[in-house]
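I have a structure here, written as structure tokens, and I will follow up with some questions on it.
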Amino acid sequence: MTVRPRIKTDRPYFHLEEMVLNMGPQHPSMHGVLRLVLRLNGELVIDVDPALGYLHRGFEKLAENRTYYQYLSMLSRCDYLSGIFMEWAYVRAVEDLMEIEVPERAEYLRVIAGELNRIASHQISIGDFLLNLGTWTPFFWTFRDREDILDLLEMLTGQRMMYNYMRVGGVKEDLPDGFESACRSFLRTFPKMVDQYEQLVTDNEIFLTRTLGIGVYEPDEAVDYGLTGPNLRGSGVAWDLRKAEGYSVYPKLDFEVPVGRHGDCYDRYKCRIEEFRQSVRIIEQALDGLPGGPVNVKTPPMLRPPAGEIYRAVESPRGEWGNYLVSNGGLRPYRLKLRDPSYVAISTLPRILPGNNIADVIAIAGSLDPIMGAVDR
Amino acid sequence: MTEFSPTAFYILAFMVVVFAIGVVSFKNLIHSALSMVLCFIAVAGIYILLHAELIAAAQVLIYVGAISILIIFAIMLTRHRTGDLKLFFSRQSWLALVFVAVATIVFTAVLGSANYRSESLAQNPEDEKIAELVFNSYAFPFEVVSLVLLVAIVGAVLLAKREKQ
Amino acid sequence: MAEIIELIVRFIVALVIALAVIHVSGLVFPFLLRRLWGFMGDRLGPNRVGPQGIFQPIADGIKLFTKEDITPARSNRWLFLLAPAIAFTTPMLVQVVIPFSESYTIADLNIGLLYLVAIGAFAVLGMLVGGWASNNKYSLVGGLRAAAQMISYEIPLLLTIIVVALLAGSLSLDSVVAAQEGVWFILVQPMSFLVFIIAGVAELNRTPFDLPEAESELVSGYMTEYSGMRFAFFYGLIEWGNVTVWALTASTLFLGGWRGPFISGPAWLVIKVCIFAFLIIWFFSTFPRLQVDQLMTFAWKILIPLSLVNLTVTAFFIVLMPDNYLWPIAIFSWVIMIAFVLLMPIVVKRLLLKKRLYTRLTDYGPWVISRTASMRSQYYRGNSKQTSD
Amino acid sequence: MAVAREELTAEAALERVEELAGEHIESIAIEEGGRLLIRLAGKELPIVCRAIRDDAELSFKYLVYVTATDFEDRIEAVYFLRSINHQLTADLRVDLDRERPTLPSVSSIWRTACWHERETYDFFGIIYTGHPELNRILTGVKGGVHPLRKDEQPHRVRRQEWKWDKASPPLRLPGEPDRKTRS
């Protein structure tokens, strides 16, 4: 395993006065309130010190003071772009602890909602990443298409961002009228939109210059850093919990896991773009194979899982989102640890950024797609 | 346009002197540099009064556009320490005084004895004539000078790179 | 006495026209930018104030006028206030030599082309001083970037201007326009035109070369600390005024100035300026931004050698065939331009692929490594040897 | 890197762990879902971790999270590992004294552990010896308050004076003038 030196020396660098630059917490292209304290030599980054905690709300402590259902409604505030997954991991942990069997229709609905949310989240990720590189139009295009998804999710859950859709033992309610046709028409048009994004930027020489070979994680390195999701798959490690663990109904669905080769910003971008198409495939199959039956099982309003502990994770758009739940048989979780992929991605910045330009800082941080709501928890 | 106007000349000359004093007396290096820019512009104005527009444009292009910007650039890149500079000046000011006195005498002597009534091209140059001089009559010295400058640049870059290691 | 009065009247007229050009472009082009940008991004853009939002720029102007003008406490106050004024001189002074019509040029200097380049320097000075005086690190980096970038791109710009001077046989802009009576120089020297456009966009700090004010990196670069009317000066008047005078220069040098079919005169200049402004807006909503080192590499390793070759060959033909040099120059220039446009992307991609590290694909786990079809694109073909033993 | 392609069962993995580091661990068991539950003493932690990470067959190269649970009488530190080559997970548990919880850091073994350990220090006050920069990361509370301990109730944390730590180590460079005097 190669150890990355703190300062790369392959670029010419003159001994100028060093400068400390506070990037963030209020900065146009830091996702949320990330603050990076950069030490610069001219434009070259020598040292990075991420300062977190600006959005810390004590989610883990709050869990110990809420009943199981009270806490469920908070979770989508954690990673506010992929709220479905936040809830999903939590209800999976509670269900498995209580040994509740979830009806198949509910699992299918979860997959549909989850994959829609994955597309919406990747759209923000890609739009923001390209905005960080200085191009505006894809940002507006992704947000335009994200509106359609938010409309669909609003039909499904009643909310545009803070869904509160999952229930222990199923989902909130069945599909509303007209959802299926609206969803199918969206799935018909959306791949064309993805092609449109790609036509605009993917082959652009400036885009390639900015992303190829920038922010490289070797596969071993990426695993060692604990990266997950598209960040890990961009490095060529085909690790996806949907395949690896095969939770929910994913084993019944036919989809592929896009993998990059070089672990640079371009491959991470490309993996996300491919996941758009895979998510569309998954939703189509899920709509086709949607079984009948109830969408949830009856559970008591005050859940009392038996004493025990469990770790359940889902493949969120940013990687492995896990909940480690310890129950003492009481009304409230005894301990809930939230394992956040963005937190891990940010923890790599002090090692990956030195030796790059200011412009690369933005590109790399954008390509890792951190969401500060989840990082600070 | 009009002929040589003494009023304009006096204004410009006054500006040149004032800004030149400003260059050496401002505490803040950026102020000095900007004062130098204004001084250069005033000198360009004097060239225009002398109907030497080409030289005036070259003055602005090279001194304002390139050299001053480069100096300001360098000042900004290095964090200057005023204290050190003061010390530097105070220790050697007597020496500077001697040099200034000698230079004043020499310049007065040379300028006072110059013959301003010559009809040589240098006094009222036109573009074609300058081009004629530079690219035909004195083409070889011109090229030699540019070669020397090129060598100097390459040498400077080499020295700067070696110092790093 | 009458002479002096005439001089003063001429001066006032010129001043009014120059100010009008800058202010009109500072009002119209930002509005056009926002509408067209909205159109390209599949949005509406400002459409509320007045029919189709045409009074939006006026509303913006009023807002900016009445906004508090903040001077940062630790800034260098006088330089901070002075910087927009310094930068404002460029678009004002450049107009002096532009022939607006057959009869109207403020001053037909015999060193017009040189004057253009010389005056261009003040814009950098304004940005540099503004960036430094704000006492903000983003501003400082922005100012430094502006200086480095504009000094570098001045050289290819100057080299193309020399080509035009050679073709016209004069440095005066009136003669440049007169020389294009038969054929516009864009047809004779498309390569120079291309370099002029690229270097000009870089000089103007517009996308894809908008590094000095890169929003996503440097917040707003050298104008981060400016607010109210001073911000309007920098953002609206100076930037777009510079775009306008650059477009005026480009049309004068390459597109026959005020000449045009049917109606000759300022109307054609307006049309040409609008075309250039549209080009800038189009770039703005299409391209990502380059990086500093890539920007410098592009200027020093590609643009300058290219324009030097172009200049040398042009001069060579003019000396060799003093009577009939237009055709060979045109052929050479077209060939080199088409070669540049076609080869550049290929070369860039090859270089990038070389730079890209070859990464071992360690085999992790028994589950599917299924590359989808489009992932197997041309960028993977270079080193597609897979080590899945 | 030679990678064992055949599926490694939990039982085989258990045997392999015992073979590698049997004398360093207190107990090992297979929990639901094939999860290895390994209990051990704090001082043995780096040895065991290095052994099971470097072993080509097990290759627990992926540290998912580091955390702890406060059981009022003790603090249990948790390390959750995955082996990406096989569908294997392992849980390392260390019981700690609640008054002076100390553990050797594993941040030199998995680089991702660095921040997980900072977080756990922040929340539980576990001191990881040998950690390069063990300071508060998320809460930034001053004083000995570690909010996820059971005796720290939310209202008490709220009443604390919240002060943001300065961005860890002082970044003023040698030779840099004092920021108060403008040059």
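So that you can tell them apart, the chains are marked A, B, C and D in the order they are listed, and the count of residues begins at 1 in each.
Quick note on the criterion: a contact is a pair of C-beta atoms (placed from the backbone, for glycine too) under 8 Å apart; a residue touches a chain by one contact, two chains touch by 3 or more.
Values in this document were obtained by computation on a predicted structure and should not be read as measured data.
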{"item": "Of all other chains, the one whose Cα centre sits farthest from chain B", "value": "D"}
{"item": "Comparison of A-C and A-D (more C-beta pairs in contact)", "value": "A-C"}
{"item": "Rounded Å distance between chain A and chain B, as computed from the means of their C-alpha atoms", "value": "60"}
{"item": "Rounded Å distance between chain A and chain D, as computed from the means of their C-alpha atoms", "value": "23"}
{"item": "Inter-chain centre distance, chain B versus chain D - centres from mean C-alpha coordinates, in Å", "value": "66"}
{"item": "Where chain A and chain C are represented by their mean Cα positions, the distance between them in whole Å", "value": "39"}
{"item": "Set of chain C residues in contact with two or more other chains", "value": "362, 364-365"}
{"item": "Shared-contact residues (touching 2 or more other chains) in chain D", "value": "84, 176"}
{"item": "Residues of chain B engaged with two or more neighbouring chains", "value": "77, 79"}
{"item": "Interface residues, chain A side, partner chain D - complex", "value": "18, 20, 22, 35, 37, 39, 49, 51-53, 56, 58, 60-62, 65, 220, 223-226, 237, 239, 244-245, 309, 311, 313, 320, 322, 324, 326, 334-335, 337, 339, 343-344, 346-348, 351, 376-377"}
{"item": "Residue ranges of chain A in contact with chain C within the complex", "value": "11, 19, 21-22, 27-29, 43, 130-137, 139-141, 144, 200-201, 204-210, 212-213, 216, 218-220, 223, 235-240, 243-244, 256-264, 266, 270, 274, 277-278, 357-362"}
{"item": "Complex contact set, residues of chain C against chain B", "value": "76, 79, 109-111, 114-115, 117-122, 124-125, 128-129, 132, 140, 143-144, 147-148, 151, 154, 171"}
{"item": "Touch list for chain D against partner chain A, complex", "value": "35, 61-65, 67, 69-70, 78, 80, 84, 87, 89, 91, 110-112, 114-115, 119, 123, 136-140, 147-148, 152, 154, 157, 164, 167-169, 171-173, 176"}
{"item": "Chain C - residues contacting chain A, complex", "value": "37, 40-43, 137-138, 141, 145, 207-208, 210-211, 214-219, 284-294, 344-345, 348-349, 352-353, 355-357, 359-362, 364-365, 367-372, 374-375, 379-380"}
